[in-house]
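The same chain A turns up in both complexes below, where it pairs with chain B and then with chain C.
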Partner chain A sequence: MMNRSLLLKLLSAFIVFGTWEIAGRIPVSYAFPTFIESMKALFDMTVDGRLFAAYGETLKPLVIGVIISAIVGIAVGLWSGLNEWFDWLFSPIFIVMQAAPLAALIPLLVMIYGIGLTSKIFVVCIMAMPVIVLNTAGAVRNTPSSLTEMGRSFQASNWEVILKIIIPAASPVIFSGLRLGVSAGFIGAILSELKITPTGVGDIITYSRSIADYASMYAAIFSIIVLAVLFLNVLEKIERFLFEGNNRGYASD
Partner chain B sequence: MQRFIKRLTAPLVAIPLLFGLSTSTVFADKIRIALAETPSDELAAFFVALDRAKANGLDYEWTAFSDEELAIQAVLSGQMDIGFGTPYSAMQRSKAPLRIIFQLSKLKFFPVTNKKYSKLEDLAGEPILLHSRGGGTDSIANVIEDKMGFKFGKRSYVPGSSNRVVALIAGQADATIIDLSNKNKVVRQQGDKFNVLPMFDVEASDEALFANLDWIQSNEEDVQIFVNALLSTWQDMNEDPTIISKETNPDGPIGQLPKEILDELDGFYTDAIAGGLYDANGGGRKGAQADMEWYSQAGQLEGDPASLNVEDFWYMAPLDAAMAK
Partner chain C sequence: MAMPQTNALSEESPSTADIAVSARNVSKNYDNVEALKDLSLEFPRGQLTSLLGPSGCGKTTLLKIIAGLLEPSAGTVHVNGQAVTGPGPDRAFVFQDFALLPWASVIRNVAFGLELRGVATSEREAIAEKYINDVGLSGFEKSYPHELSGGMRQRVGLARALSVDADVLLMDEPFSAVDEQTRRKFQEDLLSLVANENKTFIFVTHSIEEAVYVSDQIAILLPRPSRVSDIIRPTGLREKDLTTIRRDPEYLDIVDEIWTSLKTYVE
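Up next is the complex of A and B:
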């Protein structure tokens, strides 16, 4: 069974890259390189270290933003899941954040926080935090009431109910929220590099485009997708390991 | 289930097909122009030329892209016919037969700094704010380094001259390179706080019109009308810059701009003509030669400028014909 799934994955990769190669050879557009050209550009970038330097730059706002979002997001989510009044006060903010067209808000962020790292971290947080908060709040709110009632009938204090029943019961969904938050954060980090000031991978994309080196541009985009997929797969593996038996909707299935 | 899939796939196939058919018939004989920015005072002369071309039977439509590279990509992909910009590296690197047919404006940019600096040499090792990596101001910085024999410090990038002026005034940057109209604004409003450093003259193109050679040759007539209109506008404008505001169609995209901008049009074009921003002859061979030298020196064209063939980058026939008239 495992072999079949691997085979199917390889086959679909082959079809996608084959189509890319053919489309590049026709060519569908002069601005569209072949798969082999793009991979060669990716190889060159990796060998001369440009790619690593770029990711060092890009990961800064991403890591800081995701850490802030995770800490603040889980705290706010727990609180609003436990307290209806707090939920009523704060949930709308995160629903608005999630629905707002971020690219249109960037000029506003730049006006307030300038063109540096702060604005980029904010973009990552705006992307990542709402999913984390809303998932956490939902998970806490939906803790089976039979479990909490059982705890209370055994004379558990409020803190014990929260720490020993609610949080363990909610953690699979909280972790899914984190995973979704990280993938949204990826989008935010790249968006901020393309729309605020080009640094890191965003700089490779814009610079390659401005000198018409389309192979490098596609190589950079490809590397982001690969990195995001790999990272999310690792998170999924951790999730499966931690919460065996609680599997729900994975990207890699 | 099968019926469901059939019902689902039918519109999925039909909708793009219908869309494709309808768009291709609608746009069949209109030329599609890709602008690299939204209509602004800088594009007023271009729209006056478009109006003149329309009076002579040219049917067109324009789309504003958010940046020059996207406009170039759209022309490369054949979604647009004529683009706006200086796609020299795209011409040399991609196999696309792109050719420039008219120089719209020259690369007239000025190093503006606070009072710390008074000549270019003072900027050695100092940080500078530019438009984008690989862009026009970046090429100016490269050539300054080359000619003056020093290196700038850290280069940071903020797109848009007006945004760089904001950063300069706010004290976030000490030195930048900005365009003519923004330089004039700074000198007028805060001349006592900032210096415009004296610099050598640049004759190379900033914005030029380009298209795919195959498309130019199969639409010879439309291209000729367009280039005639551009050349006549550019020549008239060099004699009297106020014709731009006089000829601007009040219902067109420029006429719809805020009154404050429209009131400034005469001033903008008078300054621009005095500063040599618009070449009365659309660049031509002289402009093309200047471009070869400039963009080679700036690192956007590879190879020795003397060995580069102008014919690989410019298509002169429409401009020659317009000049002969």
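Up next is the complex of A and C:
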């Protein structure tokens, strides 16, 4: 089973890259390099260290933004899942944030926070935080009431109910919200580099396009996709490891 | 205690047996549903009382009020002479849907009541071990709830309730999720629990036969709004041999009598 899914993954990668190569050779557009050219550009960038320097820049707002989103998002989500009044007050903000067209907000952010790191962190947070908040609140609200009732029947304090029942019961969904938040954060980080000031990977993309070095541009895009996929896979592995018991569902279902 | 004495109980409850739990003029309204109305009932210490009645008549509601999980709209419940204001260490609940923590092993689930009471890990695991053994689950300590059958999960819930050593055990249809053979085995186990542990059992069931088989006292509840319509004490049966009880004429008479009194409401 495992081998078969690996085989399928390799096969689909082969088809995608093969199509890319063929499309590049026709070529569909003079601005579309072949797969091999792009990989060569990627190799060059890696060897001369440009790629690492770029990721050093790009990952800064991403990591800071995701950490802030995780801490604030989980805290706000827990609270609004537990308290209807707080939920009524705050959840509309996150629903609007999730629905808002980010590109339209960027000029506003730049006006307030300038073109530095702060604005970029904000963009990452706007992308990442809503899904974390909404998932956490939903998970907390959906804790089976028979479990919290059980806790109370054995004289658990409110804190014990939260720490020993609600949070463990909600954590798989909280974690998958975190995973979605991280992938949205990736989008936010690149978007902020393209829309605010070109730094890091965004700079490679913008600069290579301006000098018509399309192979480097596609190499940068390719690298960020690979990085995001790898990172999400790692998170998924961690998730599976942590919540093995929970994945089996509720025993009373 | 300046509780006005009620005479709502016309039944000849044994004046000698002391009363572990008493519900006095309890009413419970959910929004506009009147679940219980002026219900009074006494539960003698060391005995098993069944609550029998049609679905939706308020048996779970009454049990949760006794547990302190729900507040009555009117009336009071006393446990060992103390008015109930919330859950307490003198009562333990066995949930109809088991209410096991899916992420916790059997031993942690059984010890969970003790964990909440702050008992040290080694001590609570030793106690849990004993009750896991008592309910016949030894060897499954490290299993997770989803790896157990419905009947085994129910026994985990029972072991958890027993391990906190409460005076009063509240059991909400504890045998509804198991097959007939297991159910009979559980009924026998329950009878030996009643005989060996000096606890008061309050037991909700849908089955007339089950109620007659295991109870010292059966309270028949009317449909909503619920009151106690009848109290039946199959005292004669408790002395008899368990293996032949189901063929005993007295047993059959009581089952018939209850069926007759319930039948009018089913139709």
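The rule is short, and it goes like this: the second predicted complex is superposed on the first by the 244 of 253 C-alpha atoms of A that agree within 3 Å, B and C clash if a C-alpha of one lies under 4 Å from a C-alpha of the other, contacts with A are read in each partner's own complex, and residues count from 1 in each chain.
Basically, contacts are C-beta pairs under 8 Å (C-beta built on N, C-alpha and C of every residue); 3 or more make two chains touch, one makes a residue touch a chain.
Keep in mind it's a predicted model, so treat the numbers as computed, not measured.
Trainee: Can A:154 be said to touch chain B (first), chain C (second), both, or neither?
Mentor: Touch partner of A:154: chain C, not chain B.
Trainee: Is A:206 in contact with chain B, with chain C, with both, or with neither (first, second, both, neither)?
Mentor: After superposing on A, A:206 lies in contact with chain B but is clear of chain C.
Trainee: Report for A:29: first if it touches chain B alone, second if chain C alone, otherwise both or neither.
Mentor: A:29 sits against chain B, while chain C stays out of touch.
Trainee: Of the partners chain B and chain C, which touch A:53 in the superposed model: first, second, both, neither?
Mentor: neither
Trainee: Which chain makes contact with more of the residues of chain A, chain B or else chain C?
Mentor: C
Trainee: Counting contacts the way the document defines them, which residues of chain A are shared by the two interfaces, the one with chain B and the one with chain C?
Mentor: none
Trainee: Quick one: in the complex, what on chain A touches chain B?
Mentor: 28-32, 114-115, 197-198, 203, 206-207, 209-214
Trainee: Under the definition above, what is the set of chain B residues touching chain A in their complex?
Mentor: For this pair, the touching residues of chain B are 68-69, 72-73, 76-78, 87, 89-96, 132-135, 156-158, 167, 172, 300.
Trainee: Quick check on the complex: what are the chain A residues that touch chain C?
Mentor: Its residues touching chain C are 144, 146-147, 149-156, 160, 164-165, 168-169, 243, 245-246, 248-252.
Trainee: Given the complex with chain A, which residues does chain C contribute to the contact?
Mentor: 64, 67-69, 87-89, 91-93, 95, 97-104, 112-113, 115-117, 144-146, 148, 153, 164
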